[in-house]
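Look at the two complexes coming up: subunit A is in both, with subunit B in one and subunit C in the other.
After this line comes the complex of A and B, so read on.
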C-alpha cells in the first residue's frame, strides 16, 4: 500500500514539475507551482520529515505563491499586451520556436538527460546510512532538548543556523538594494471588506497559536523557529492585505529591532557565553533548554517580520505608478 | 586537529562584522556610513591580530558550541586561512576608505547607496567564515551569505543594466550553490561526516565520490567564473558601482577558488586523476587566452577590466594540473609542488590588489568624465597623474613584469611548469602576459595622447586617487615579505606540509 502511495507521489511530483515548466500561460505556471509545492510537502511527510514538510508547504506553496501572484498582477498589464502581440505573431507563423537552432538545444537536452542518469547512479550507489543519527542520539541528553533535529539545529550546529537566519535578513536587504527601499511608506487603511475582515478575525489567532505551538513543541518533536516564523509571517501578510499594514506604522527603530532581534540576540548570547570562558554558542547544559527556547522565539519573530517585510516591500513597490512605468 | 591550541579569534572574526552590520541598520544613511567604516577598521584590526597570533602559535582552532566534529563544527585558522583573511582585510580597508569618500562625493544623488555598508560587512563576515570553515555544509552556508550579499551589492547602483546583470549573476550563483550542495549531500550520505579533516582520512574512491567531486568542482567553477562558466562575470562586475566592482573582482571570486584548492588538496586527493587535473588546467589556459583577447577587444574601460579578471582567474586554475603527480612520479622527488600552490596564493593576492586598484581608478575616471569609453582616458596623464600612475602600476602587475607581485606569481608558476616537465603550459602563460601587455599599453598610450575635444571634466577628490594608488603599490609591496610568507604558508600543520602526501596521483587510472 505504502509503495503505491509513494509511487503515486513520485509520479505526481515529476508530472507537476514538468507541467509547471511547459504551461503556456504564467498564471497556469503559478497555480501548478502551488500544487507542486504541496506534492513535495506530502513527499517530505512520507519521508518522515514533518518539519521540512510544514516549512515546504508554508514557504513553497504559501509564501512563494503569494509573491508569485503579486508579481503576476504587476506584470499582467505588460504581459497581456505582449502575449497578444505574441499570439498575433504566432498564429500566422506556427513554428516560431523552431526558428532557433536545433543543435544546441538537442545537445543541452542530451547533456541534461545524461547528467540525470549519472546522478541517479551516484545516488543509487551511495552506501547505506552512515549518518550521524547514532552520535546525535548519544549526545541528545546533553543538548537541552528532546528532538534530535532541534538539537542539531540549535545546539550542535547552532553556528550554521545563526548564519541561515542572517541570510533571511540579507535577502530583505537585497530587495532594498534592488529598489524596494524608497517606496517603503505608510499606507492608509483601505476600505473595509467584510469577508476579508472575518477571515482576518478568524485566522489571526489560529495562526498565532499554531505558530506558538510549533515553536514550543520543537523541543520534543517536529517544529521550531522556521515553521513558526513562517506561520507568524502569514499573519503579517494577511493583515497587510486587509489594509492593516503592521510594519509600516510602527517606528523605524522598532521595525529594525524586530527584524534583527533573531540573529542579533543569537550572536550576542554567543559572545556573552564566550566571555565566561566557553566557545561560541556553547550553552551551559543546565540552561540549554530555556536558552534554546528564547533563541528560537527571537528567531521566529525576526523570520516572521522579514517575510512580512519582503512581501510588503514588493507589494508596495508595484503600487508606485511611476515605478511601473520605468519597468516598462 | 583537535589537539591544536584553541582561540576565540575565529569566532569573533565572523561574529563581529555581522553584529556591526546589524547595528548599522538602525542608523540613517550618514550614520550607516560612519558605523560601517568603523566596523571595517575594527574587522581589519582583528584580522591583523589573528595574523600575529597564527604567526606565533601556529594553526589554532575554535570548536563551536563545544561539540567536536563530526557532530559539531570546527573553525580552523591555519596559515593559508589567515593569509586570505589578511589579504581581505588589507584590500577591504582600502576599498572601505574609497567607498567613504566616493559616496560622500555623490551624496546628493542617492541615499540608497548607504546600504553598501551593512551589505559589505555581511559579505566580509561571510568571507572570513569561508576561510575559517572546516566543514562542507558550513562552507555552503558561507557561500550563500557571500552570494546573496554580492548580488545585492552588484545591483545597488539601481541602473537597468546592473539589474539585468545582477539577475544573471544570481541565477549563476544559485546554480553553483545547488551543484555544490548536491555534492555535499552525496558525500554526507556515504560517509556520515562533513568535517574536512575527517573526510580526508576516511573518504574512499568510488563512483559516488567521483561524482560528488565533479558536481562540487562544477559548482565552484561557476562561482569563480572559471572558463566556460565565466559568462556572468563581465556584465555583473562592470555595471556595479566602483567600490563594489573592486570588491567583487578582488575578493568574492577568490572565495570559490579557496574552497576548490582546499577540497582538492585536503578531501578529494584520493579521487583526482592526472587527466582531471589536465582538464581543469586546460579550462584555465583557455580562460587566460580568451579573457585577455576579449579584454583587448572591448571599448569600455570597465569591461576591459572585467574581462581581464576572467583571464587572471584562469592562471589560478592552471596550478591544479601541476599539483597532481603524473603516473610513476614519487611525491618525495616532486619539488615543484610548493612553488605551484604558493604561486596560486600569490596570484590571488597580486590580482586582488591590482584589480581593486584598477576598478577604483575606473570609478575615478567615470566620476570625472561621466562615462567609461576608453577614449575618456585621453590626456589622463596631465589631468590626473596619480590615477594614470595607479593604472600603470596595477597594469604592470597584471602583465607580470618584475618586480611586481604578478611577476612573482607567474614566475613561480613557470618554475612549477618547468620542474614538473609539463612544458605545454609555458606558452600559455607567456601569451597571456603579451595579450595583457597589449591592453594595458593601449590604455596607457591613450592616457598620454592629447585630448581630441574639450570634454567636460569634473574634479575628483584627491583622497580617492591616493587610495587607488596605494592599492596599486600594494601589488608591488607584497613581493618583499615573499620568502617569509611562503615559509609561513608551508609551515602549516593542516595544509602546506601535507599537500605532497595528499595529492599523490589518485587511485584511479594511475595504479
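After this line comes the complex of A and C, so read on.
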C-alpha cells in the first residue's frame, strides 16, 4: 500500500515538473509550480524529512508562488486580451510554428538524461551503513538541542546555515541593485476592502505565534529559523498587501539593522567563540541550547525582514514599469 | 474500537467525496463564480469531514485542537480569497457599477 502511494507521488511530482516546463501559458506554469511544490513537500514527508518538507512548502510553494503570482499580476482565468497578445508575442504557441528553437529541447533532454543517471546511481550505490546518522546521534547530547536536524544545521554545520541566510540577503541586494532602494511609498496603498483588512489583522498575531512556536519547537522537533522566518515574512507581505506597508513605518537604518542582525550576530558569535580557543561555531555544550535559540531567533527575524523587503521591492517594481524602463 | 474506526472511515470517505465533487465542479462549471462556489464550499466541507475523521482517529485533546484550528484557519483563508477573487472578477467585468454603488 505504501509502495503504491510512494510511486503515485513520484509519478505525480515528475509529471507536474514536466507540465510546469511544457505549459503553454505563463499562468498555467505558475499554478502547476504551486502544485509541484506541494507534491514535493509530500514526497519529503514520505521520505521522513519533515524539516525539508516544511521549508519546501513554505519557501518554494508559498513564498516563490507569491512572487510568481505578483509577477503575473492578472491571475484571473479569463486573461485580458492585451495580456494574451503580450504572451503570444513573448512565447509563441508551439503548434503554430514548427521552427521552435532546438536549444530548450536539448537542455530539457540533457536534464532528463542527467536526472535518470543520477537516479540510477542513487539506486545502485546506496551508502553502506547509516551514513552520518550514527555520528550525529552520538554527538547529540553535546549539541544543546534534542532534534538531530537542528543539531546539524545550527551546531555541527553552522557555517553552511550562515551562508544560507547570506544567500537570501544576496538576493535582496541584487533586487536593490536592479530596482533602486528608495521605492517605499505610502500614498495610494490603503486597503479599500474591509474584509481583507480584518482578516489580515486577525491572521497577523496567529502567524506570529505559529512562527514563534516553530522557532522554539525547532530544538526538539521539525521547525527552526527558516520556516519561522517565512511565516513572519508572510506577516509583512500580508500587511503590505493589506495597505499597511510595514517598511514605510520603520526607518531605513532600522531595516538594515534588522536585515543584518541574523547573519551578523551569527558570525560575531562564531568569532567570539574563536577567541576562547575553540573553532568557529564550536559552542560550549553548557550554553549551546540557549545560544542556538538566540541565533535562530535573530536569523528568523532577518529572514522575515529580507523576504518582506524582497516582495515589497519586486511588487513596487512591477507596479512602476515606466520608471524601471526609464532607468534602463 | 471497531465502531470508532468505522465512523472514521465513513467521515474520510465523505470528505473525499466532497473534494471529488468540488474538483468536478471546477472542471465542469462554466464561469468563474460557479467554479469558485464549487471549489470553496465543497473543499471546506471535505476538509471538515477529513479533519473530523482524523481527529476521531488520533483522539488526543491537543491533536484534536490542532486539527480543528487547521480547519478553521483554512476555512477563513479560503473564504476570504474566494471573496477577493470574486470581487476582482466583478470589478473587471463592470468597472462602472461599483463606483455608482459607493
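Simple rule for what comes next: the second predicted complex is superposed on the first by the 261 of 328 C-alpha atoms of A that agree within 3 Å, B and C clash if a C-alpha of one lies under 4 Å from a C-alpha of the other, contacts with A are read in each partner's own complex, and residues count from 1 in each chain.
Keep in mind that, in the parts below, a residue touches a chain if its C-beta (ideal position, glycine included) is under 8 Å from a C-beta of that chain, and two chains touch if they have at least 3 such contacts.
Because the structure is a prediction, the values reported are computed rather than measured.
Student: Just to be sure I read the superposition right, which of the two partners does A:4 touch: subunit B = first, subunit C = second, or both, or neither?
Tutor: In the superposition, A:4 contacts neither subunit B nor subunit C.
Student: Contacts for A:21 in the overlay, against subunit B (first) and subunit C (second): which applies, first, second, both or neither?
Tutor: neither
Student: Does subunit C touch more residues of subunit A than subunit B does, or is it the other way round?
Tutor: After superposition, B is the partner touching more of subunit A.
Student: When the two structures are overlaid on chain A, which partner does A:278 contact: first (subunit B), second (subunit C), both, or neither?
Tutor: After superposing on A, A:278 lies in contact with subunit B but is clear of subunit C.
Student: When the two structures are overlaid on chain A, which partner does A:103 contact: first (subunit B), second (subunit C), both, or neither?
Tutor: It touches nothing on subunit B or subunit C.
Student: State whether A:173 touches subunit B only (first), subunit C only (second), both chains, or neither.
Tutor: Touch partner of A:173: subunit B, not subunit C.
Student: Scan A:155 for contacts with subunit B and subunit C and give back first, second, both or neither.
Tutor: In the superposed model, A:155 contacts subunit B only, not subunit C.
Student: Once the structures are superposed on A, label A:202 by its partner contacts, choosing first (subunit B), second (subunit C), both or neither.
Tutor: Once the two structures are laid over each other on A, A:202 reaches subunit C alone.
Student: Regarding the shared-chain residue A:139, is it in contact with subunit B (first), subunit C (second), both, or neither?
Tutor: first
Student: Quick check on the output: what are the common subunit A residues between the subunit B footprint and the subunit C footprint?
Tutor: In subunit A, nothing is touched by subunit B and also by subunit C.
Student: Which of the residues in subunit A come into contact with subunit C in the complex?
Tutor: Per the stated touch rule, the residues are 76-78, 80, 193, 195-196, 199, 202-203, 206.
Student: List the residues on subunit A that touch subunit B in their complex, please.
Tutor: 118-119, 121-123, 125-127, 129-132, 135-136, 139, 155-160, 163-164, 166-167, 169-171, 173-174, 176-179, 181-182, 253, 256-257, 259-260, 263-264, 267-268, 270-271, 274, 278-283
Student: Quick one: in the complex, what on subunit C touches subunit A?
Tutor: So the residues of subunit C in touch with subunit A come to 32, 73, 76-77, 80, 83-85, 87-89, 92.
Student: For subunit B, which residues are in contact with subunit A within the complex?
Tutor: 6, 8, 11-12, 15, 18-19, 22, 25-26, 62-67, 70-73, 112, 115, 118-119, 122, 129, 137-138, 141-142, 144-145, 148-149, 151-153, 155-156, 158, 163, 166, 182, 186, 188-193, 206-208, 211-212, 215
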